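Should a chain be cited, it is by its letter among A, B, C, D and E, assigned in written order, with residues numbered from 1 in that chain.
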Amino acid sequence: MRIVEVILAPILALLIGMFFLGLARKIMARIHWRYGPPITQPVIDVIRLFSQKSVSHGNMFTLGVLFSLACSLVLILFLPMGKICPLSSSGGMLVILYVMLLAPFGIALSGGEAANPNASIGISRKLTLALGYEVPLLVILLAVMTHYKTLSIVNIVSMQQNTSWALTSLPLFLSGIAYILILPAILGIRPFEITQAAQEISSGPMVEYGGSFLALATIQHGLNLFIGIALFVNLFLGGAGNPPIFFLKMLVVFVLGLFINAALPRLRIEQAMRYLWRWPTLIAFIGMIIVLIIRR
Amino acid sequence: MVNPVLLIAVPLGLAFALPLFGLISKRIVKYIPVVAFIFNFALALRLIPDVLKQAIVVEIGGFPPPFGINLVAGPVGVLFSALIALAGLLVAVYALAYITEGPKEKYHMLYLLLLAGATGVVLTGDIFNLFVFFEILCISSYALVAYIGDRAGIESAIKYLIQGAVGSSFLLIGIGLLYGLFGTLNMADLAQQIESASSISVFVPMVLIITGLGVEAAIFPLNAWLPDAHSSAPSSISAILSGIAIEVGLYAVVRVLFTIFGATNMFMFFAFLGVLTLLIGEMCAFAQNNIKRMLAYSSIGQMGLIVFAMAIATSYALTGGLFQLVSHTLGKGLLFLTAGYMIYRSGSMEISAFEGMGKRMPLTSLAFTIGAFSLVGLPPFVGFPSKFLIVRAALAKEEILFTVLIGLVLLGTVIEGAYFFRVVQVLYFKKANGNSERKDAPVAGLIPMVVFVAFILVMGIYPQLVIEVLNSAASELLHRMEYIRSVLG
Amino acid sequence: MGISNAFDFLQNHVYYIGSFGLIFIGLFIMLVKHNLIKVIIGLSILETGVNLFLVSVGYISKGTAPIFSKSAMEAAPMVDPVPQALVLTAIVIGVAVLALALSLAIRLYHHYGVLDLRRIKELRW
Amino acid sequence: MSLELLLIVAFGGALLSYLFGKICPQIRDPFAVISSVALAVMMAFLYGKTMESPFYFGFLGLPLILRTNMLAWFFAMAISILGALSVIFSWDYVKDRERTDFYYLMLLLANASMLGIVFAGDFVSFFVFWEIMSWSTFLLISYNRGRALGAGMKYIIMSIVGSVSMLIGMLSLYAIYGTLHIATLSKLVPSASSGYLLFLFILFGIAFAIKNALMPLHTWLPDAYAESPTSFNGVLSGMLTRMGMYGFLLIIYVIVGAARALNLGPGIFKFNYILAWLGAITIVVSTFIALLQNDAKQLLGWSAIGQGGYMILGIAFGTSLGLAGGIFHTLNHAVYIVLLFMSVGAVQYRTGGQRDLDSLGGLIKRMPVSFIGALLGISGLIGIPLTNGFVSKWLIYKTLILEGHPFLAFAALIGTWGCILYCYKFVHHIFLGQLPEKYKMVARAPFSMQLPMIILSLVILLFGILPGIPLKVINTIGTSFGFQSLNVTTWGIASETGTLNTINIFAAVVAACVIVWLIFKAGPKAVPVAQEDTYAAGAAIPKDRYHYTVDFYNPLYRMISPYFKDFIGGFCIKLAGWTQNVCHGIRQMYTGYIGHYVMYIVLFLALLIFVQLKWSLW
Amino acid sequence: MRAIISLFLISVLAWGIATALNEIPFGAAKTKVGEYYIGRGKEQTGASNIVTSVVVNYRGFDTLGEVTVLFVAAIGLGAVLATRRKKEKRDVEPASLVLYTGCRLLFPLILLFGAYIFIHGHLTPGGGFQGGAVVASAFVLVYLGCRGRRISETASKTVESLGGLVFIVVGLVGLAVGGGYFLSNYLPKGELNSLFSAGIIPIIYIAIGFKVGSELAGVIDHLVEESE
């Protein structure tokens, strides 16, 4: 059974991630009053890219991408999706936090070797942005962990299942709000897509990717979407008893997020940082203090 | 049993006879101090076991105290004599090669007399006799400071002389007052008659005497002569002045305070004074660029430390203070000797002129480094156990005040570390500009350095070697009544 | 205290007053004078005062010199001989210091060309 | 295997290598290597032994004692292994320098004295070895001359401040209890009054905090790390700085004992809370300052300060988990920081001492082993799962969260996230990107440098995947402090509130990598291209400086640089200036005019007389 | 300003010393020690001049020191002025014949007087120092009157040394024969008030007389030479 889960979970996540990518493009097009590509377009792109030629700048260039994707895949195994959670007892939230950060790090190492300034600039922005959203994110996660007195995400989910969603209960309400505020940054979608900025720095870290590299990077991006939202659902929306409800919750969150953010313009990196370190952080800290007060 | 009077008589006699030797051969003159201090050192060592059992009281002329002058060769006296003889011996060896110019014969005579005077001060049991020997010590040091005869030497000598003379006059007035009061000059007899130093008629002579002796002991406001004199004298003499002369001055102060007056009320004041002396000395040294002035100010600081230790007035503290005194003699003696040749090689007293000395004079630089480390109090050198004892004694008082004071004392140590390490860095880690030929001090210069280093290391690693002597010396100072009994029977 | 009392006081303490007068004059000279020779003179006066004080400490009213001769084998009262011995020593020491001071002053003058101590301040700080 | 013998080998090895250097230089290096390796081997045989023996009675009647137990062995083992590796690394590194005999003497002396510190069974020998360590380190830091002089000066002055305060603390123990024997003291001290314990903690704390570079006493470290010879950095950063940790463990858990130490002080101003907060501040501030550095060694130095904060956080709360985390982190940090410094050292060795991040680049192609070392080093530093740093950091975070200190945990975590940024900067600027023209012909690091790097890289992975090996030892240390034993397995730590199981992670990662690799292989093979063959929107690619390094995180710099400066370092420099001025002021007292001097004498006399006449004070 | 401060400080000193002197009434001192010397000095030392017996015997060690101090001063002065010794001889105008002859006439007489004083030190007021000073004054006279004449440096040095050595040796012999005491009066005391009495005192005083005379002469010699 465990084995099945281990195999099933990444595939599911992959599919849903690609679906989200396609959905995002479709919805954006609709908001822009365009028709937009079909929802399966990202999958088609990936398959096409795999058959194309690519160039490599060295071993790290290659390994970085692989590493990044592998990390994202591993991360899936730590996240409960409904009842599915293959590696529930291997380190809990802290491992998730760490592994979440490795995916961009792998891309960064890979892009770094490309010796293209555009890539370096993109990486610098990406890492800076990561630091930007990690500050509120860490506070939020710590508030959750402190509140539930556990590091295990499975325990957190089951506790919410027994009582009520964290987002609707008092102590974690503000933390949930803060999470929503930083969600686009985590997902790397508007208004926080300055790291890619196709027009300015030629897609940043991905500038040298072609063929299977780009395919892997796209898959990674899709998985990233999945992870960010799944984490939110697990932490604040009480996870789910079974996978379909879980995915439904994710879909709702994602679509709502897209609607809100599609209306916003792209932020410069300083603006993004200033935003992230101001409101979400403030709210997250207040949330944490409330958690602490209630805990006493 | 050997008569301790020989410790004084032999150097004096040899000093008197030195011109006669000079008539025979000019070359043997400079070996006479060496011979004298070998004799003295051996004699002092020979005396130590006897003295540890009981203090030897020698009546000069066969008259019982208080009617005749007597020498008291207690642990303190013998300890100091041994120290004087040791430093004297080593510096005499150093001077064999170092003193090449000027009236050499006179140098050696004055040198012998200086140390004979110092030995007299530490052994005598009569306060006027102490004054006389003190004058021998002072006057010969005035002359020796001016030995080089350059502007600085003469200027500092005259300053030293005037301050010293004022101090001596006060000392003499104090002695006169004491005689008028008690009709005796014998220290034990005086001590017996003085019950309390608080009454003004005893207090005034006491402070007069302490001020007079304090000038030589370099206690804070009385020490203005020291940096000048120590920096302008020939380095061998600086070593003796720093290593012996001020220590002997301090001995006199301590003897007067502890034994004669038993002025326990004053100790708190002297503890403060010691800390003040220490801090001012160290801070002034910190701001120096002239190596010898720096070392001289550092001597002031060390004196402050010793005064502080003595003023704690427990047996631990006195042991520590005496130990610190020994370690200062060894350390500062070594530093001045090494600095002497480094100045000679570089032609300047500026610290910056010593850049690259580690390459040019490796052994000398190493010796300097060890001396500096020892003074700062780093193990495994002799400065460590002595500082250890002092700090322990201060903390064993279990008073907040002493804890604060020891904190200040150790702040002084930090400053001391700062300037000594700066010099060490200059020696080793700055490139020599220009001449970097390797040429160490001559053998006669190196031998005393090596011996000093050996003593610093051995006593640092095995302080038990001297601790017994120091302990009984401390108890001699602490127990006034014992002293009186041993002299007057 | 009447005039006669004051006179008595003076008479009784004239040596003390004189000696300490000398001492303080000498000290004052040393404190305020700039000329090295004057300072040395002050020192000399100071020492003289000290010597006088020492002698006067040992004085006994109507005492004679403590020397026995054929004529005065047991002549009482004699003054205390000890301060006299001390003074002898003190004088010699004073002379020694003075001689050295003067020689240094001579050499100092060779070097600096002046004896004004305000200008002989090369060594300081 | 007696401890005396060990120390004799250690100190004797130091002195003999100096002598060999003077007599026949050819055998000096092999001798130094052999003696330090032999030391490490001998040390291994001490495992699990507990003994205590006085070795010297000559010091003022205080017996000097050596003892070993698990704590001492743990540190000693790390010291001797890292020391041996550093000596091996030095072989080529200092070959062409001046005064190499001196270098070896001081390096081995520093190592030997550290062994002395950990084996010391009483405070006198502890202090003696501590001081020997201080001055030998001082001489080594100054070894490079130039700016190193200032660094050495800072180091030694702060060291003296530390030892002075330790001296007071230790002698007050002696004054009160009449012994300096650690085992005896640990029985007597816990019953002392709280005030006295606090006094002790402050005094010893200053000494150890200076050595461990805990803010605000860290100022010596960045310069000292940056300016000392890189081959010595291994020793300096690995264990020497962490002697402060050993000291903290000694004073908190051995001497005073957890029961008293953790409840000292009122409310939130408990001693260990303050310590923890200092640790947290250290982490955050130094991490962000590290981000701003452009000098590889300065960067690592600031990073080391921050990592020291983690260790303090770990041990501050006195839970077996946190303690294990703190001690384990000490070891892990030693391993990876040594590795990182060696990697920098190798780069410096080949590029003529270049350590400016903005001038390097692309060396991955020329120095692959150094790159792997650096990569694994930063992985450990960040705490990437399956490297050693992860395990210890996990333990620390977990302690903080479970003990209910989310703010401290936040500080620790944000330190890690900042750490990613500077680690990437470190690797990117040196090894990734474009290879400058002048370094085109740079050769690989010599074998003597590669060997220790390879060993340390393996250690990082080993401890990351099988953390149970060291954790079992550390657990023994914890139980010897009286804590309950942890449920340590070879793969990690099991508990109800979140289990760590590295084997699962390992399996998952390996599986994922294989899968991804297979997918990747399914596509057409990538064509390797030259460095210049990049997309530049049609523009010509310059031969040099096509590597974006200057002001790498520029927006971030602009945001944080006004707030994260080394204010304390600046303050110390100001303080030094003020001291200088005060000293100059004081010495004006010695005016050179005799009248004044005589006045001082008369003044002193008059003052004493006046006071006595007026108030009869004495 | 300094004068005012100085006056103030000195008045504080005066105050203190005056207070202290209250306890020492002038002219009343009759100390145990002084009494002892006056009472027993005759028998113990054989000198009728008690001051001399104190100086040379009871407190002989002081005197040894005192001699040494003078010796130190003489050498020190020589050392300080030494570097300028090597000056070319300047021509000095000779003194007038009357002065010259008078000086030469007086010279031995003064020497004789000095010798008288120090030889009779144990009997009459005076002693080695006083006699030595008189001897030195003879040399001053020669320097003033017979310019250009110098005492032989070697001779004066030898006399100084011998004088000092005699003192020390006489003292050391006491260790051997005088009951083990340094400077003990081991020679026969003789009859009070006669020249050959008082044991070692005359010997020491003679030695001191020679020594002091030559030292002071040497001091004067140096100073005269320097000032020319």
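The working rule: contacts are C-beta pairs under 8 Å (C-beta built on N, C-alpha and C of every residue); 3 or more make two chains touch, one makes a residue touch a chain.
Owing to the predicted nature of the structure, the values given are computational and were not obtained by experimental measurement.
Note: the chain lying farthest from chain B is A, by mean C-alpha position.
The interface holding more C-beta pairs in contact, when C-E is weighed against D-E, is C-E. Compared with chain D, the chain whose C-alpha mean position is the greatest distance off is E. For this pair, chain B with chain D, the centres built from the Cα atoms lie 43 Å apart. Rounded to a whole number, the gap between the C-alpha centres of chain A and chain C is 99 angstrom.
Here the CA centre of chain A is 36 Å from the CA centre of chain D.
Remark: chain B and chain C have CA centroids separated by 30 Å (rounded to whole angstrom). Taken residue by residue, chain A touches two or more other chains at no position, since every residue touches fewer.
Touching of two or more other chains is recorded for residues 27, 30-32, 39, 57-58, 82, 86, 89, 93, 96-97, 100, 104, 107, 120, 122-125 of chain C.
Residues of chain D found to touch two or more other chains are 587, 590, 592, 594-595, 598-599, 602-603, 605, 609, 612-613. The list of touching chain pairs reads A-D, B-C, B-D, B-E, C-D, C-E, D-E. Listing the residues of chain B that touch chain C in their complex gives 128, 132, 135, 139, 142-143, 146, 149-152, 154-159, 161-162, 165-166, 168-169, 172-173, 175-177, 179-180, 185, 227-228, 231-232, 284, 287. Residues 12-13, 15-16, 20, 24, 27-28, 31-32, 56-61, 65-70, 77-78, 80-82, 84-86, 88-89, 91-93, 95-97, 99-100, 102-104, 106-107, 110 of chain C touch chain E in their complex.
By the touch criterion stated above, chain D contacts chain E in their complex at residues 595, 599, 602-603, 605-606, 609-610, 612-613.
Every residue of chain D that touches chain A in the complex is listed here, in rising order: 362, 364-365, 371, 375, 382-385, 390, 394, 397-398, 401-402, 404, 406-407, 409-410, 413-414, 417-418, 420-421, 424, 427-428, 432-435, 492, 497-502, 504-505, 508-509, 511-513, 515-517, 519-520, 522-524, 526-529, 531, 533-537, 546-549, 552-556, 558-559. Against chain D, in their complex, chain E makes its touches with residues 2, 5-6, 9-10, 12-13, 15-16, 19.
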